[in-house]
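Letters A, B, C and D name the chains as they come in the text, with residue numbers starting at 1 for each one.
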Amino acid sequence: MRGMKTTALGISLALTTLLMFSGCGSKKTDSQDNSSGFPRSKTLYLGGSQWGDPNSFNPLADSPAWPVNDKFNVMYEPLLAYNTQSGQFEPILGRLVSQNSDSVVVILNPAAKWSDGKPVTSVDVKFIFELGRRYKSAPTTYALDFISEIKVSQVDEAGVKAEQLTFVVNKAGRNNPLVVMDLLQGIRIVPSHVFEPKLAAIADQSQALSDIQKLKIDSVPVVSGPYTLISYSNEKIVLKRRDDYWGNAALHAGKMPKPEFIIHPIFKSNDHFSIALQKGDLDASQTFIPRIWLKAKEGVKTWYAKEPYFVPGAIPMIFLNNTKYPMTDRNFRRAMGFALDYKAIKELAVSGYSPDIKPGIIMSMGVESKYYNDEDAKKFGTTFDAAQAKKILTAAGYKSILKADGSLDSMVDAKGKRVPTLYIKCPAGWSDWEAIVKITVKSFRNAGIDVREGFVDAGLYWQSLPTGDWDLILHKPASSVSPSLPWSRFEAVMSSRNWAKVGEKMNENQGRYNQPGSKNFNPKVDSLLKVIPTISDTAALKTAYRELNVIFMEDQPVLPLCYLPEQFYQFSDKTWTNWPTETNPYAPPQLPWVGAGIKTLWNLELAK
Amino acid sequence: MFKNNPTLRYISHRAAWYFLTFLVAVTINFFLPRLGTANPVDIIMGKVGTGLDTEAAKDKEESYLKEFGLVEVNDQGELLRDEAGKPVKTSNIKQFGRYLVMCFQGDLGTSFLNYPKKVTEIIKDALPWTLALQIPTIIFGWIVGNLLGALAAYRRGVFDRIFFPVALAISSIPFFAFGMLLVYVFAINLGWFPAMGGYAGDLIPSFSLTFFKSAAYFYVLPFLSIFLILAGGQAIGMRSMGIYELGTDYIKCAKWFGIKENKVLMYLFRNAMLPQLTGLALSLGSMIGGALITEMIFSYPGLGMAILTAVQGNDYPLIQGCTLLVTVSVLIANFTVDILIGFLDPRVRAGNQMGGK
Amino acid sequence: MKLLMNLLKSPSFLLGAGLFFLTILFAVVGPLVYHIDLNTTAGSYLPPDSQFRLGTDNLGRDVIAMLISGLRSSLYVGFLAGTIATVVGTFLGVYAGFKGGWIDDIINLVTNLFLVIPTFVVLILISSSLKDGRSLTLIGLIIGMTTWTWSARAVRAQSASLKSRDHIALARINGAGTFTILVKHILPYIASYVFMVFILQVASGILSEASISMIGLGPYETVSLGTILNDAMRNEALGDGVWWAFMPATAIITMIVFALYVINTSMEGVFNPRLRK
Amino acid sequence: MSTFEVENLSLHYLTRFGQKIPAVSDVSFTMKQGEILGIAGESGCGKSTLVNGLMGLFIPPLYPTSGDVRVSGESLMNRSPADIRQNILGRKVSMIPQGAFNALNPTRRVKDIAADMISSHEQGGNKKEINERLRSRFDLFGMDTEKILNSFPIQLTAGERQRSVIGIATLLNPQMVIADEPTSALDVTTQKSVIRMIFDLLDKKVFSTMIFITHELPLLRHVADNIAIMYAGEFVEKGTAEQIVFDPRHPYTKALMGAMLSAEEGQRQKKPTAIEGAPPSLANLPHGCRFAARCPMVRPECKQNKQEIRIVGGRQVRCDYAV
């Protein structure tokens, strides 16, 4: 009795405390009082795209909160939407007219409007794409390396005057039309008429952008997309449908997106998204949920109904420090490639959510599969074969010293010198990554290679990744599914364009493969990397990719581990149905707020 | 003047020591995070900088260093550079000086990881939840635990023989494991209570009955997960204190004098409670760690996770802000309890007086 | 000696010591009779069967093998932390209590400092500045170095109350040095008390390690009972009803801590005659 | 007329394993109004247990075995603890504890403890009345009443503290007071002032009948009318003060007197343990005379025969061979 009374008392006291403080917790961004809640039948709950407290909704900030960050396009929209399934570009603010190695032409949709009624114009486009010319630290400065100029002309678009934008490839710069396409679907257009006066108002122009970046832009933001922010707290972000969204008429045949509200709850632990999904409190979640098949009975579904459940998008790899003995030895690297039990990695570390990996770093499925060559893979690639690994090592003079119980003690090389124990650096606490490392260590040791786990705090991990201060490191390069794949993956792994010695920073090829000027330097690699983006002939492109992939397989500068779904999500059809799936592919397997995946919002239906 | 007033002397003496502790703690809190090798800007660059060219990444990095006040700038706001062209780092001492000045102005700085959010703003958002969960739990856990413990000590017999091992067992369970079990049984299997969150997913905090009802419903499991184990632990402590007090002369005498039973129980409770009170104030600091786990297990809003991510990301201003908060509240709690005990227990005051401190 | 006999007569002591002995047995003899293989051997989260009596964990490792090595780690951390906390705490506590005055005040200040700086903050900061990362020993050290304040406070009170006893005054008059007095005249009187503090510190060391691992700050390359629970939570063992991933570890932690608590209270009963009645 | 009658009182402790340990056996005596009875004996002889029995205060594991205690004809046996507490303790029979005791709650002011004493036994009475009553009573003691009443026990000297205890114990004018070594652990001057206070109260008729338990036989000789000697839970001899001190008949009394009176002649350190051997364990009492093992005049049959009270030389003696 006493316990119960106390519990009741406790609750009432807590309530009083809450009462005292409530209101501080949440920022309401418009006058409307939403405390009555959001009707379930009008609300879509999505999760997994925002971790941590939402701090800023400023599209000019470096890392704003969902849905302003990354390539989410429900509030601010890009010119084009990339469809990861077809590899095509679908229109949003603009329509792709042509693309070649010199320029990309896009026509702005004349109907496009900001939420304050002003039209979206070439001024807005130029504002964001060329902001780097005025402010070096702008988030889009790097675009200038790829686009030298944006030409504007007037055209007639179905009887309406429209602006045509020609993005000229920066030949003197990176000369890379592929990345220009990345930029056109990645950079979201922001209202220049909102930001220009703010920038101009600041006296010290060297400080202007950084001052503006500090603004949160969280109250009645001027957006062009179908939803806008109405409220947020550390527990959730709430978007409301803009019923006057220009695209409803212009792009979606006059229909409105089905959910009136989109709520993104912010949980502190991965499994809470899973629980919410199974309870039907969450409709879709971009979180890693192990053993998804167990959740099917709770109505949790995926793109494929069966294994591998998701469409792969990225390849996590173990980067090898190519400047450090014995990874300087190609034979050693290749032996490592043969030593890995790729199947175990896939099954145990990623719950089997991917098809079997094929040698090389061109994916054997999806858009890039057209560049994949199975013959080469069989001929040059490394697959799991511990005996082969041992054979290569023996041939190269390495010897594994075993302990009495048969387990590995150490290794010596041809000169009888002890090979140092190698450590795989990996952030501690990233459970799936930790699992990958544990399994690879076991594989290596079974093949007689002296490798150990080297878990570190995430802070140290990020610090040492670019400086090359490690033997082996787990890393997922080119992690976003973009039009420039698989080129961007090769670039991230093999490019010696910015080669820097260990201790200095490199943002790609952190394993420091192919050191310019060194004995084994292969100029072919960099020249292929440079030329591939400019090739428009498919057959020539195929040959170039094939050549590059063979070099990769022969040299094995890094160890690809498995295919991993990217931009994946699982959904529950308890409240909303008609999610796109393999059998109902009206939209690609992209998040409902990314690229062409946004079509999903117009096609959802309420469950009966 | 203090010489004539032992109470004032006692208070001022305690206050002086607490203030000194505070100063040392603030200094340690400032320098400790900076001893590590990880650099906050590297962590941010790890996320922002991928795919950037070396030059672009360097520019970005320098603009962060400048923004966070980690490097020296000249009057024009340009970076000072050494011969090798690298920015000149601001010394820790100089940063400390700036930090102290800012603290006095009530500004705890801007968080690095939650840029551009102010530290005070982060604390203001999260603290009410932490307080709302922790304070009632601690107070009621303490009161209930101590009452039951005192009762067990006084009554002994069957009540004690059942109560004591149960309390002992409950307080042996790691409380996060207990929280997990609560989730497993009451949220997942039985579905009586929500598994996570601070209020229903379709609500926004406001002054409405709906919100408070929802908050109360979501409060139950996190509350129980801390309350039961806290109460169990307190009860055990109180029971043995109580049995100890029960054997003291004054309790025997009170019985000989025929003092009423509830009065004797009150004597017992009050005197046995004093050390328990000190113990509670002392353990407040370690409860922060506990709060963090509760927040993790229940996805409950609060300050704990903010501290964890801050420390992991070397977010100096946020670490400093949070540790300052913890330091101040633990010291204030201890100081209050010290003073309170000074008033409640004349032995303490007398001891202080006689010790000549 | 007589106290020891009394202790052996106390049924609750026998219960506690028995339980504790069982866990030690499990940890020490376990690896001798049971094949410990922490490598991946089977599928993820296989339910208990005849091969894996308690099933497998998320990486397909035998749960019993995990529990045995986890228990060893937890006991190691517990004893390491307990020893450090007790030794440091006892020394400083005795010294502060005996000396009094400004030395007492300074030690008290240091004690308070450790109370206001959360352990896990120190842990992350220290581990991030060490190249080897977080080993089990480091965690034990840090727990010990941050929890000694409890022993110090407890012992200080005892020592202060002994200070005014006749035999100590006598020793002082006879010119015995502080150290001699502490070791010869104070420590023996509080030895049983210190031992009880030690028991509690071991228990709290085991719990602390579990909590630290639970936040994901556990040892990098070692299995402990805390990391088992952390793995279970992060891999949705709860949501999927994989009870064998977290129930046994919880039960073992609870059992050790319970055993230690019971030993402590039964000793309290024997050493403190007032509780004996 | 007898105010206080004790009839064959036996008490025992019950161990956890159900074993009965006799602590007091077959104690009988009566006291008249105004009588002062001294009780002496070695420590552990059951004096303190007897005190609890005399007040009817049976706190487990202490239980009455048999016999009766009557205050003004009113039996204390078979009554509820609440009844005893309300009607007997402090009111009819009060207790002055040992001087070495920290008898007062350290966190309560003297006046509050005294007020608790009153309110625990009497209905009503507002604060002011109670305060007045305390003041007038404490004024009798010739101390700084205001200071004492408003102090916490720790702020008082040992003497002030013990006198406050006596003041509180006798606040309700009990018929009978049991003083259990009220001056132990006090220095000589303080001892004197405490004793003076007790007799002052007797003079002022605050109470009149008293059992005085002490080691200080010389003191007993001066203040007590009768003296009883206790050994291993039994009264072994009881007579007038003169008889016991100057003409002891029981071998134990004789030995005790030898040890104690020599102590009066300047050898204060010497304790009654000067008698060879130790008293028998209460858990394992001999079948015959309990003193037999240490008795200088022991005869073989002593170990077999249970000794009963006899009247020898005008006083009660529990020895078959005392003359």
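As a working rule, a residue touches a chain if its C-beta (ideal position, glycine included) is under 8 Å from a C-beta of that chain, and two chains touch if they have at least 3 such contacts.
None of the values given here were measured: they were computed from a predicted structure.
Annotation: B-C is the more contact-rich of the chain pairs A-C and B-C, by number of C-beta pairs in contact.
Each chain gets a centre from the mean of its Cα atoms; the one farthest from the centre of chain C is D. Here the spacing of chain A and chain C, counted between their Cα centres, is 44 Å.
Computed from the mean C-alpha positions, the centre of chain B lies at a distance of 22 Å from the centre of chain C.
Chain centres here are Cα averages; for chain C and chain D they lie 50 Å apart. Rounded to a whole number, the gap between the C-alpha centres of chain A and chain D is 89 angstrom. In chain D, no position touches at least two other chains.
Shared interface positions of chain A, defined as residues touching 2 or more other chains, are 269, 275, 457, 459-460. Across the assembly, chain C contributes residues 124, 128, 233, 238-239, 277 that each touch 2 or more other chains. Pairwise chain contacts present here: A-B, A-C, B-C, B-D [touch as defined]. In the complex of the two chains, the chain B residues touching chain C come out as 17-18, 20-21, 24-25, 28-29, 32-33, 35-38, 168-169, 171-174, 176-177, 180-181, 183-184, 188-189, 236, 240, 243-244, 246-248, 282, 285-286, 288-290, 292-293, 296-297, 307-308, 311-312, 314, 319, 323, 326-327, 330-331, 334, 355, 357.
Those residues of chain A lying in contact with chain B across their complex are 2-3, 6-7, 9-11, 13-15, 17-26, 28, 33-40, 43, 45, 52-53, 55-56, 61-63, 136-137, 141-142, 145, 204, 206-207, 210, 213-216, 231, 233-236, 238, 263, 265, 267-269, 272, 275-276, 279, 281, 457-463, 465-466, 479, 488, 492, 498, 500, 505-508.
Every residue of chain C that touches chain A in the complex is listed here, in rising order: 39-40, 43-45, 58-60, 124, 127-128, 133-134, 216-217, 220-221, 231, 233-236, 238-240. Partner chain D is touched in their complex by these residues of chain B: 248-250, 252-261, 263, 267, 270-271, 274, 344-347, 350.
Every residue of chain D that touches chain B in the complex is listed here, in rising order: 55, 57, 59, 82, 84-86, 88-91, 94-95, 97, 101-108, 116-117, 119-121, 152, 154-155, 165, 168-169.
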